[in-house]
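Next come two complexes built around subunit A: one with subunit B, the other with subunit C.
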Partner chain A sequence: MFSPTSKITTAQATIIIINYMLAAGVLTLPRTVTEQTQSPDGWISVLLGGVLAVIAGMIIAKLSQQYPKETFYEYSRHIVGKWLGHLISIVFITYFLALGAFEVRVMSEIVDFFLLEGTPSWAIIMTVLWIGLYSITQGLDPIARLFEMIFPITVIIFLTIALMSLGIFEINNLRPVLGDGIMPVLRGVKTTNLSFTCSEIMFILVAFMKKPKNAVKAVVIGTGVVTSFYMITMIMVIGALSVEGVVTRTWPGLDLMRSFEIPGLIFERFESFLLVIWIMQLFATFIITFYAASLGVSQVFKKKPLSCMFGLLPVIYILSCMPKNENDVFILGDTVSHIALYIFGALPILLLVISKWRKRGEK
Partner chain B sequence: CWSSREIEDLGLTFAIAIDKGKETNTEKELKEEGGSYPKKDNITLTYQFVNEKAAGAGTSGGGGSGQGAQKAYINISETGDSLQQIGSEVALRRDREVFSPHLKVVVMSEDVLHTFPIDEMLDQFFRDNEIRLSCLVLSAKGEARDALQLKENGEIPAFRLIGLGENEHKVSRILPPMTLAKLIGKLHSGSSFLLQNVVAANGAVKYSGAAVINGKSKKMIGTLNEYETEGITWIRGEGKGGVVKSHDKKSQQTLAYDINKIKSRIQPIVKGKDISFHVDIESEGDLVENWNTKEALDTQFIDRLETTIENEVKKIVGQVLKKIQHDYKADVAGFDESFRLTYPHLWKRVKNNWDDTFSKADITYSVNVTITHFGTVKTQ
Partner chain C sequence: MMRWRNNQYKTQKQHKSDYSTAEKQDQDVLTGNIGYDLEHVKRKIGHNGDVHFRELEITQLHVKAALIFVEGLSDQDLINKGLSVLVMNQPNQVSDEISQSGKGILTSKQIKNQIVSIGDVIDSEKISDIVLNVFMGSTALLIDGIPQAFLLGTVKKQNRSIEEPLSEALVRGPRTGFTEELSTNTALLRQQGKNDQLTLQRFEVGTRLKKDLIIAYMNDIADPKVVEEVRKRVRGIEIDHLPESGYVEQLIEDNYLSPFPQVQSTERPDRVISGLMEGRVAILLDGTPFALIVPVTFSMMLQSPEDYYERWFPSSLIRLLRFIAAMITLFAPALYISFISFHPGLIPTKLAISISGTRQGVPFPSLIEALFMEVAIEILREAGLRLPKPIGPAIGIVGGLIIGEAAVQAGIVSPIMVIVVALTAISSFAIPHYSTGIALRMLRFGAMFCAAVFGLFGVIMYYLLLSSHVVKLKSFGVPYASPAVPYHLKDWKDFVIRMPLLVMKRRPKMMNTDNTKRVK
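Now for the complex of A and B:
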């Protein structure tokens, strides 16, 4: 079932990219970016971050297209040899595990704080892990179908609640545009990469696509959709809470929803809606990382996929329990995103060059 | 479920009043019986709970029970030095614990605002996961807990306080709602700001004027009265409605102008090191009351009325400007914002001492009023 027999369409690939990308960032991005920019121009940073993510994704997609029907774990040996290939694969696996653990932990933090105060976090994390395991055992196709259901719900709810917060929106909070020049914006770009770590999924996804040549298209559309989501979030949150306010809030995205009530509608409050779609998105990101890590272990060590999944379950659990408090959680997130920046920013170009060079040599 | 709590066991809190520490009689008696713990009596919190017995029996009428119809709310005061601890102490006195996700309004007494920085006082509210940021913050003259009293039965004072804020289209003496969400930004930007003030007497409440909070000390430094608050509305151009009353110069008769639209533009002018402002106010509205029934409603007469209204608005604006510039030295009228938007680079240099800069700036203003309709009285 791990051999790329179950194929996904281009649309499914796009949706997987979107769901993989949309994650913890919706709630924290306005703060992390604004902390760096100290100006209302964070949304431009997000836009630039999106462009960079597209470029990175395109490079990885191009690389993967060179080796049809093979995931990175398989084709890396063709480029850098067996041992180095294994080593890089293990780095990737570790990265996916860390990212998955981070998403699970953030979810448990939020659920514990805002929804189920008093429920032990192991109970929340366990539930997520087991359901995650259940949803990935049958390979990528069922995951894609699950995502196809999650995606429209996310879009509709997100756009509706974003629109509702217009009541407390103040345009002056977003002005002046580029009042401090372009430098703060560029500083902000750096911090957007946790939210835009998505392109690495193309190392694996392309092998499963019915039409691998559409990989770039999937990257562009997927990243475009996510970028606009994040830009809307940035603009609405800063418009409501102002630059000075945003930087002091742990979860500004959620605070936006807690900042207004609309009496007279069936529902007065909308934070639970945001939490619903957001938990779905975190779950989506988690199962993709879980799947990518299991796939890696299985292909590198030639083990049965199912045993890899069961084997990684406790690893993710322990990793997710490691941060002692909220600050540690965010440090984990920052570390993961910095590692991502280096290994997925620089490495693919290098690999692509080597690969082209080798192929030319073969001819 | 671990965290489930029956709604019957929760005390829904709609309002909290914060006063300087002064124990109530009940508290004193409890203390005499030994019911206390180590604390400083800095602040007194008054929680307003919904009275579930009265709220359930809304239509029963007649008042069959001994003490007649009940109030729809119960206020409980508790004194201490930590807001969170005071809240948990209430749980020792009431079988229903404090449950504040439905908290609508926080009222702080002027005394508290004078003594404690508002950001320290509200930290627990900002940090808490139960309290929503949509909660409104008000200041109160005298005891804040008095604003949580109503003479009428069947109504909850918290909702009255919220409802008053929604009358912006009728009166220009209401400030835009300052919710916790909006307060966060204000407190961290270091700019001075206003809190809507309420006054209470004999179970009646009224929105009246505003408390001026200094951006640096975060403490209250003075008040604006209703008239001056209206001036702030004119300068900011944020009014949605309201009335300007004046007297016709020639006939000395009362006339009233109903505001439909206020537009204002604060224009910062920088010349060398000098910073000055020009405020350009434009308004459109209707003539709704005119006691001068002798004169014909011709263009000449309308012009005269417009000038009269303009002068009145100038008087209002002038008075509040004098007060905030010279008495309080605090920019609460949004001059900082227009300066920040026009001169973003210069702003970085002046923002730390903005209130000082503002108090020395020359401010000129012009008012242009247009009367568009004259009501249903055609000729006089």
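Now for the complex of A and C:
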């Protein structure tokens, strides 16, 4: 089993959180939220969703801080006993596997749709899986550094294309603010949460931090950055495409990039850039779930990490091949997110209470 | 036997009766009988015609002596000068003293201190030792009656003068480069500035052909852990012969499966010293002008000493240019292939039309087209490199102009492909470190294949693969990708942009130096 030997800094932890959260949402969130709200106020929903995510992440971080240097898989047995702890760990592992498979599948779908028509999806999935395996073999520290490499590219490209789309931005599309009252916004919050339920990585991350005290800080900054990314996306997309335009498009984020051209530059269309960072972000989310799952297997079943990684490879492959079409993929994503919402919304509070109570009992 | 170890020996043959020489026949020790010893040494030397045996007589003492040296390896003048005392006819102080003390006794101490006027004298009684030293340029002096040979340090250094380094040309900067002579190189390092912290630790490497190797570091700056790691790895070298520091490089590098060079080689003393001042460790090997600097990071490979000699503004721009050149070297042909073969929709329509217009009549897919030109240009480069200097440029003209032009005319490749390939090649030459340029050019082919199979997605995946490899790589404990990752924001002053010298107040943090202040 791996003991957390290679430590990560607070900055690295923050970046892992950001890269983990930034995923499919950038492209689909505007649609899913606006479908619920039916008003241009989706960005308020995103903001509220971000606040909720920070709270959830803080609870998980607090819980993990109770047991320094131990991941959830190790400390769960201190709270609820060995068997129940293992059971919950296995649920977690399954969740991470499902999420990872979902990310890989979404990547293959989008690559098939936008870049490589007709390429068999197994070829794409295999490539992603093997490169993912290579990048996680040496533990969390290299993963963190890889994310540090991806992150600036993401920020630069994202902000550049967001600025460029200002040309077709119509502030009137965002008005009126709260015209339909607060209810549509709250309906949207539930959907945004699906994009934000990624604080669960703190169950594992805190154990690897050089300064576990800063875990809350990392959660707040990380979620804050992601929230602002999503808010910019929401505002730009709705501002450019209007509410009606957003609802009818599968990938409104990409369509935004397709809907304007800036002549005179080498590239007149910028969706290729968005695809680049987006594939990188999906890959990032995938490898961290893959790592979290194999860490779980190795710690619960006391096996060597490398063999766990190899062993989980076919599992992820089979899981990712299960959805039959694009709709199934989104249904899988929704299901995973819903489950996550229930598990990670309620469970940490419960565990935190139990662990506090136990510690008091010990004194 | 203790008697032989005494400092005092009788110069005459009295002892012959004490010990029979036959006893020592097969032993590796001198007997003191000059005739017999010479025979023995000659046998040991075997059929080596370049070894000279010069027998002479020390007139004052009437003692026979012999000199053994290798022609050309030993400095004849030095021998003559140093030994003139021995054979000169006029009486001198020593022989006076000896005569006065009577009994004609000559001690080895006297020989060392008074007769031989050469700086470096070692005494040895082992024949194998003598033979080894003679072959390395020493002159062995045997004196009858003394079962010891005096090895005189008469090594004549075969070296060239200090010249401007060929592989690292600068517009501005010192013109001195290392030579093949280790002592010259260490002297060049010492001459860079008065400092008592520069440590030059000597090692002997090579199991069969032994060579000196020197580890240089600043005692109060370098991280002791790094220095110890270098020592450990150098001691671990077990190979019979190291002809060049490239051997050392390959034997001490962290990951020999990686395509990236993990040791920096340089011919420039100024570069080595700047490295030492940043807390790095240099390795110098006898017989090569290339010194090695460790630990290195990838960004170092894109830097030139000139970045620091010129003012910061142009230097920063040039550095930026090099980073762009590195990216072009790696990805330009791959991006071309992926855009042309898979996603013509992603490039501007007019450009796409003009490219497909030029590609009309080209019978090959773009990968074959690119491979054809890339391989051609690599062959040209290699040919130009190995040919004698006057012919080299001619190859460039013949290859570059004629083949490029003819290939387009013949419709084998499209003109835009030629532009892409030429741009890539020139970009790779803009990288100051030769082996990094090669590494990037090599990796470029991988990118091209990925692009040919998966298009833009393949290029992204290839980038991710390379990144995951680079972030895992460490050079002597320092992450290879630093200072880019992990973020050392303070070190970014000297990364893509070279800030003014007064702003770079501290030594690189990634090197974990003992002493951090550079500017007060």
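Just so it is clear, the second predicted complex is superposed on the first by the 362 of 363 C-alpha atoms of A that agree within 3 Å, B and C clash if a C-alpha of one lies under 4 Å from a C-alpha of the other, contacts with A are read in each partner's own complex, and residues count from 1 in each chain.
The rule we apply is simple: a contact is a pair of C-beta atoms (placed from the backbone, for glycine too) under 8 Å apart; a residue touches a chain by one contact, two chains touch by 3 or more.
Given the structure is predicted, the values throughout are model-derived calculations rather than measurements.
S.K.: Identify the partner contact of A:160: answer first if only subunit B is touched, second if only subunit C is, both if each is, neither if none is.
M.R.: Neither partner.
S.K.: Please work out whether A:119 is in contact with subunit B alone, subunit C alone, both, or neither, and reply first, second, both or neither.
M.R.: In the superposed model, A:119 contacts both subunit B and subunit C.
S.K.: By the touch definition at the top of the document, which applies to A:307: first (subunit B), second (subunit C), both, or neither?
M.R.: A:307 sits against neither subunit B nor subunit C.
S.K.: Touching A:327, do we find subunit B (first), subunit C (second), both, or neither?
M.R.: A:327 sits against neither subunit B nor subunit C.
S.K.: Output check: A:144 vs subunit B and subunit C. Expected answer is one of first, second, both, neither. What do you get?
M.R.: Only subunit C; A:144 stays clear of subunit B.
S.K.: Quick one: classify A:241 as touching subunit B (first), subunit C (second), both or neither.
M.R.: first
S.K.: Who does A:335 touch here: subunit B (first), subunit C (second), both, or neither?
M.R.: neither
S.K.: Touching A:172 in the superposition: subunit B (first), subunit C (second), both, neither?
M.R.: A:172 sits against subunit B, while subunit C stays out of touch.
S.K.: Considering only the contact definition stated at the top, list the common interface residues of subunit A for subunit B and subunit C.
M.R.: Of subunit A, residues 116, 119, 123, 269 contact subunit B in one complex and subunit C in the other.
S.K.: Can you list the subunit B residues touching subunit A in their complex?
M.R.: Residue positions touching the partner: 1-3, 126, 129, 132-134, 179-182, 184-189, 337, 340-341, 344-345, 348.
S.K.: Going by the contact rule at the top, pick out the subunit A residues touching subunit B in the complex.
M.R.: Per the touch definition, subunit A meets subunit B at residues 113-114, 116-120, 123, 168, 172-173, 175-176, 179-180, 240-249, 255, 258-261, 269.
S.K.: Applying the document's contact rule, which stretches of subunit C touch subunit A when the two form their complex?
M.R.: Result: residues 342-343, 346-349, 351, 454-458, 460-461, 464-465, 467-472, 479, 481, 484-487 of subunit C touch subunit A.
S.K.: Within their complex, state which residues of subunit A touch subunit C.
M.R.: Within the complex, subunit A contacts subunit C at residues 9, 11-12, 111, 115-116, 119, 123-124, 127-128, 131, 134-135, 138, 142, 144-146, 148-150, 266-269, 271-272, 275-276, 279-280, 283.
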